[in-house]
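To start, the structure itself, in structure tokens.
As written, the chains take the letters A, B, C and D, and residue 1 is the first residue of each chain.
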Amino acid sequence: MDKPKPNCGVIGIWGIPEASTMAYLGLYALQHRGQEAAGIVSTDGKRLYRHARTGLVADVFRRRDILERLPGDMAMGHNRYSTTGGSSADNVQPLLVQDRTGPIALSHNGNLVDYWRLRRFLEEEGSLFQTSSDSELILQLVARSHGGTMSDRLMEALQMVHGAYSLVLMTKDQLIAARDPLGFRPLCIGKRDGGWVVASESCALDLLGAEYIRDVNPGEAVLMDKKGLQFLRFAKLRERRHCIFEFVYFSRPDSRVFGDNVDKTRRRLGHYLAKGHPVENVDMVISVPDSSNTAALGFSHETGIPFELALIRNHYVGRTFIEPEQRMRDFGVKIKFNPVAGVLKDKRIVVVEDSIVRGTTLKKLVSHIRNAGAIEVNVRVSSPPITSPCFYGMDFPTKDELMAAWHSVEEIREFIGADSLEYLTEEELLASVPHDNGQGYCTACFTGKYPVPIDVEDDTVKFD
Amino acid sequence: MDKPKPNCGVIGIWGIPEASTMAYLGLYALQHRGQEAAGIVSTDGKRLYRHARTGLVADVFRRRDILERLPGDMAMGHNRYSTTGGSSADNVQPLLVQDRTGPIALSHNGNLVDYWRLRRFLEEEGSLFQTSSDSELILQLVARSHGGTMSDRLMEALQMVHGAYSLVLMTKDQLIAARDPLGFRPLCIGKRDGGWVVASESCALDLLGAEYIRDVNPGEAVLMDKKGLQFLRFAKLRERRHCIFEFVYFSRPDSRVFGDNVDKTRRRLGHYLAKGHPVENVDMVISVPDSSNTAALGFSHETGIPFELALIRNHYVGRTFIEPEQRMRDFGVKIKFNPVAGVLKDKRIVVVEDSIVRGTTLKKLVSHIRNAGAIEVNVRVSSPPITSPCFYGMDFPTKDELMAAWHSVEEIREFIGADSLEYLTEEELLASVPHDNGQGYCTACFTGKYPVPIDVEDDTVKFD
Amino acid sequence: MDKPKPNCGVIGIWGIPEASTMAYLGLYALQHRGQEAAGIVSTDGKRLYRHARTGLVADVFRRRDILERLPGDMAMGHNRYSTTGGSSADNVQPLLVQDRTGPIALSHNGNLVDYWRLRRFLEEEGSLFQTSSDSELILQLVARSHGGTMSDRLMEALQMVHGAYSLVLMTKDQLIAARDPLGFRPLCIGKRDGGWVVASESCALDLLGAEYIRDVNPGEAVLMDKKGLQFLRFAKLRERRHCIFEFVYFSRPDSRVFGDNVDKTRRRLGHYLAKGHPVENVDMVISVPDSSNTAALGFSHETGIPFELALIRNHYVGRTFIEPEQRMRDFGVKIKFNPVAGVLKDKRIVVVEDSIVRGTTLKKLVSHIRNAGAIEVNVRVSSPPITSPCFYGMDFPTKDELMAAWHSVEEIREFIGADSLEYLTEEELLASVPHDNGQGYCTACFTGKYPVPIDVEDDTVKFD
Amino acid sequence: MDKPKPNCGVIGIWGIPEASTMAYLGLYALQHRGQEAAGIVSTDGKRLYRHARTGLVADVFRRRDILERLPGDMAMGHNRYSTTGGSSADNVQPLLVQDRTGPIALSHNGNLVDYWRLRRFLEEEGSLFQTSSDSELILQLVARSHGGTMSDRLMEALQMVHGAYSLVLMTKDQLIAARDPLGFRPLCIGKRDGGWVVASESCALDLLGAEYIRDVNPGEAVLMDKKGLQFLRFAKLRERRHCIFEFVYFSRPDSRVFGDNVDKTRRRLGHYLAKGHPVENVDMVISVPDSSNTAALGFSHETGIPFELALIRNHYVGRTFIEPEQRMRDFGVKIKFNPVAGVLKDKRIVVVEDSIVRGTTLKKLVSHIRNAGAIEVNVRVSSPPITSPCFYGMDFPTKDELMAAWHSVEEIREFIGADSLEYLTEEELLASVPHDNGQGYCTACFTGKYPVPIDVEDDTVKFD
């Protein structure tokens, strides 16, 4: 569909029996963060065991014996959407390599902005690369570090790279979680029965019955081993740059990210949208299920316009869908959403959508809603126009394809065929999100203001 | 989960190019009616081609070449939940057999009540059975009929059986759809570009771009071939006995079944539930997504109590989920639903559920809702207590396991741990559903009044 | 390759623990009799369990859990080459059906000559067919028999059919082996630890550690159940018509078939070939490994000409071999056989081959042998020219493609490019095979004399 | 079975259309050199394409589309038995990595003796290892070389390692074949239609229709690119140390290795064995098919004792064979070989075997031969007793398990239950193999004289 893709979800388990099954369940809860591949590495203190494949979590670990072959009470996992590195099987994480200290596994959510420059440098030094993933770069730097402990070496490596990363690294006896100095992507810590869980979102902790402790702080590494939990700082505290899109679309509404409840924040987007961009004389507010449900509810509560379920989503839609060769109009959207004719007939509608990338899906949806009998279709978007690509881990189309980079709101309205179209403004967006604990946000996709400079080479060099 | 299972979905395509792909799409839209197996038979007028397997539609037909090996502009398909016949691969439909006139394929939604008696009779006559499916019985009767045309033979066979059936039969040059005299299960006809589509629910017509014409009438066979459409009556018009549970739970809200819009009817259940079983001083109405969304919205609109999305459903939950061996409390429910803590905290709640079978899932859900901070949990059920098993195609637990067959409402309330529990009454249920076109309903699961007598042998004989 | 294909191998196990594993091992030993599909049905006295697929035995039963799901101490199996019925999965044996007495499984090696006539008759009577296999016909006849016991019913059915069959039938408490009145195909009985084994060839008994007892006699059914072994005669003793090709090519040399050792008989073919068709002034005798090894050794011993291994066979050649699209000369033969240049260089050779069907493979092989340096290539065939198709279970090309049906020996010699070519005569062939126990042979493929008349309809009707 | 395993087969194709299909065919011919995994890398000059999996060649490349996704007229392939590196999927070759010059692929047959020492050194320098294969070490050294061309860099790397290697390396525009200075393992070059083929054995050239040119010389690298063929020497000419076991057992008899015909040499082993270790008054010579066929023929020709085929080998035996849980005597051997009772009954036998490792298989075989009626069983082995493990690429059991390392010939005779047992002596072995072109041989497994010193660390360190 017409959405930026979250890049990845990571999970780490320390000191819990059946750790690989715990990791599996955690990946399940984080499935929305990456549906292209899944993998788990576990350890029993003697070896590291790995299973990783392309596919959904439930498919990759379909047979119980797979998890049984991942023993131990320490494990880590990864759900993946391709950002850098293409979608080949070689890039499936967690990565598992060996340096002089033994085997090391890494799961990484984010994107480094200086990957190519650093890779070229290491290649000149004789490093051999086996993937085109920026996560391997971190491991190559770790391998070259002369630090005394694994955490020293990891922190030394992280001081050389720039960009977004929330990562989990594992050896035979340690689990280390770390987050970039600006804290682009979320990562939190939970506690369960004397063990710990780290996860991209707290919904994974909920499923595992782990209690949320706090986020891994930006610029912090958290070391878990037999001595307990150690918090190590590897970068000075700076203004934070949380990805605001996690609140707009990526994270599950039942999660807590950046220390705050997603549902509450997303609902506030709906309230601000209603206050700033009201619609008169309409019969109902509808969402595009399920991603804009929460914002639509906020809009409904703010305005008193009834919230309706007018689009039925087919939840069985998989990734390998076979389209007929004969042309069927708007087929791609119809397979996913079917309007409830009885609800929409002769009605004036507000559709609340969370974001518009190319606009093609929304255009078809508006047309379907009209065909189902709606006489007026107003669109309200709970985030500002997307004008700039993300270099910190969201998988966007190129700038060429971003509708709002090249067209006015009026042009977009005309394109999608709505009677009216309004977006949340940047100010309203920033007013909606939490600020009471020193949070700061990256809004680059809406503003083009990139908090970490983009390396020109990395911007232009393409993987082949 | 704790629900009766719909038994099957059927689809038939006549005179549309790429008919097997059309059937595939139709099965996709009907996936909710059967998730255990899927199959398609097509014909190019020379042979019948079949592909059928256990699994979801998207898995069974994962590769395009499978559909390419099902050529022709006539096809039929089937989604299956086991009712009779166990879940073995041999019972996967459509069945494909050969009698003296050539190959015949059959897809059947429903359940015959006199299967064993007729099977024993035919076996004595020397019939050989290859499945334990009641659908094969219909084919054995067709094979023994001396009627002149296939439609004559089918109608002769149908006059010998009793029970519920909405079926599609196909030969090299004809497609025949038929429905039992009481019309237990739905079946409708659509039109597209000079071809026809028959389907269990109209949502399949919507996806295929076919226009809804009308239902196949109870006791009617619809014959499609080169001469056009022919409507043949094989049983006298009697009072109809539509399965009222199709409105309560089975059908998709965007479908039209028994000639009426499901969403509208299901919403009326919510209104009647609110009127007859109000709750005072509560903060919000929530549903158990997605099945009770529509009734909960009706409840909310009737009472003015705000509708909230407080449970997040993980849509990636598949059939092969691996549970940890260590005991995790209420794990089965947690993997599917996660409460949004921020929404429920310190709130008084009405949960609208569509039906209760064993009550075990609801018990866990109520507990989760309380753990998320709710201070009062009232449950309202948009159908009456289920006291009797279904013999017409729903896959229920045995009577022993039906909570309401053995316990009072107060006992159930105590078991699930709700502060209050009320059900829609039978009268309210019947008042909610459409009657303006001579409809009549089977309410046997709520009342024990079986419109077609159950054969004692069939009630007791078990498949081994 | 250019050989008639044996049609099938059957195995039955009575009263041996892990019977399905025993059946699996037996099929393994009989793999040469059918490489297209394999299946096993077992019973624990309560149910019949089945697993059958296309593929080699080791592939079909790759995972141990498959055999574990086939419990009980009674089992039967089948290796299949298609004869009638095409190669579709629906025809994979053992067949498993249900009649009024419960489940019945059947494995059948052979071919009925009056299949279509009987099938048409049964179809008129209302029988429904699910496969196009003549084995199902036997089951349909069993189902219609009014005999009191299963063995009575089977024998009644067998009295209605004509042709070749060595079969095993199984119910929940009995195993019945039977052989057609002329004894076309082999079937023997062995004993092991209080249990019994029936198998197409004795090499399966050897592997299972079972002791060979005797053959199932032509026109005899052997009933195995808790009361012990019962020998029942259902057809009068007539002159036997053992398939002489079992000695020429089909059976393994380490097997005993029709009561006699294959190796000894096949070796005698070599001796008679040498005596009747000698070659002067040659340096060595070579075989086409492995099928003509034994006859070539016989030839060598009779003449004193040294036996040499001059062709290396690649035993990894599987059924799914991918040929390059560019034309490579004689590729099909080269992938299977590579001549040893050092052995053949400047030598005069006799190649002993067991039979010639189309002659295309042999033509290429002669050419390769010459390219490897041989200066004279004489071919001797240890059976007469094949002039007529088989209707009793061998899978031949049609008569049109039988080289010797349309060409003289001199023409064939010229086609294959040999310096000389001679065949064993019919008289020599018959003199080579055992006769001391009343054996008689079918030589139809060499003589066109069919011991059971061929039904004209069956000869011409083609499956579609 | 009880044999040392050859480690690998390699193939390289330059300048031939459908190069990956050519590589596939070549691997097919070399399947006997490695049955655990297979892989191919091809290039169209733009990218390198790889497919590699565990399994036999025909299974790994079962579908035609796999080869179609390996385009270009340059390709390389690898059949693998594990030597170093365990059998995990990560070690499947060809390896494919990227250094500063782009992608590089490597296939390697052999074993480095100083792997661990060099690996530790590189790890200290910051190299990251992704496999535990010694082949990756060569690539790491290539990556660190500052040579100007790929061939310079490869040769620089090879000068740092010690041990056995016959390898093929490929970039987007070059194919380089190289062989260690002592020439342990074979590697030859062929020519076909303006393109070249390099292969472990010449049987692969035969299948591809390529003409044998000459071996890659020890200490030589052969560079193939658009400029033609270039022969580069990277080590001084020293005395050669061809693996004598290639003649005894590994290579196919129809191959030419080390410049000589295997069949001829292996036959000479049989002649020398007969001359030095005759047997009186026996009826026949038999082989253990197929590996000792050639030597047994030599023995027969030298002595005039008739050669017989008395053991039938089941060629369908695969790697995933399921044994029954109940104890079946000598089952492992019986599934593979069945004696022909008629041939052995009351006979005095000489069994020619090529080598004995543990002796367990031969013990069972001797017992089977006796059970089949043989009254005297004499064993003659066409190589000396194996007393020492191989460090140059053969996969042996440890020294502890080598029968002849700890027992006298008489003890071994008693263990296997033979009436007599004699081995070829080292002198006879060396007299049998070719010497007319400066060949020299490694006989370390028979003598413990290791031509390249074994690194103590590598001898003791175990992979974990």
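Heads up, the rule we're going with is that a residue touches a chain if its C-beta (ideal position, glycine included) is under 8 Å from a C-beta of that chain, and two chains touch if they have at least 3 such contacts.
Here the structure is a predicted model, which is why all the values come from computation and not from measurement.
Between B-C and A-B, more C-beta contact pairs join the chains of A-B.
One finds 61 Å separating the Cα centroids of chain A and chain C. Centres computed as Cα averages put chain B at a distance of 50 Å from chain C.
Chain B has its Cα centroid 36 Å from the Cα centroid of chain A. Counting partner chains per residue, chain A shows two or more touched chains at no residue at all.
Taken as a graph of touching chains, this assembly is arranged as a ring, one closed cycle with exactly two partners per chain. Looking at which chains touch one another, you get A-B, A-D, B-C, C-D.
Of all the residues in chain B, the ones that touch chain C in their complex are 46-47, 90, 96-100, 120, 123-130, 132, 139-140, 143-145, 464. Residues 17-18, 21-22, 24-25, 28-29, 31-32, 56-59, 61-62, 64, 67, 203, 206-209, 252-254, 261, 263-264, 290, 293-294, 297, 301, 306-309, 312, 314-318, 320-322, 324-326, 328-329, 334-335, 338-343 of chain B touch chain A in their complex.
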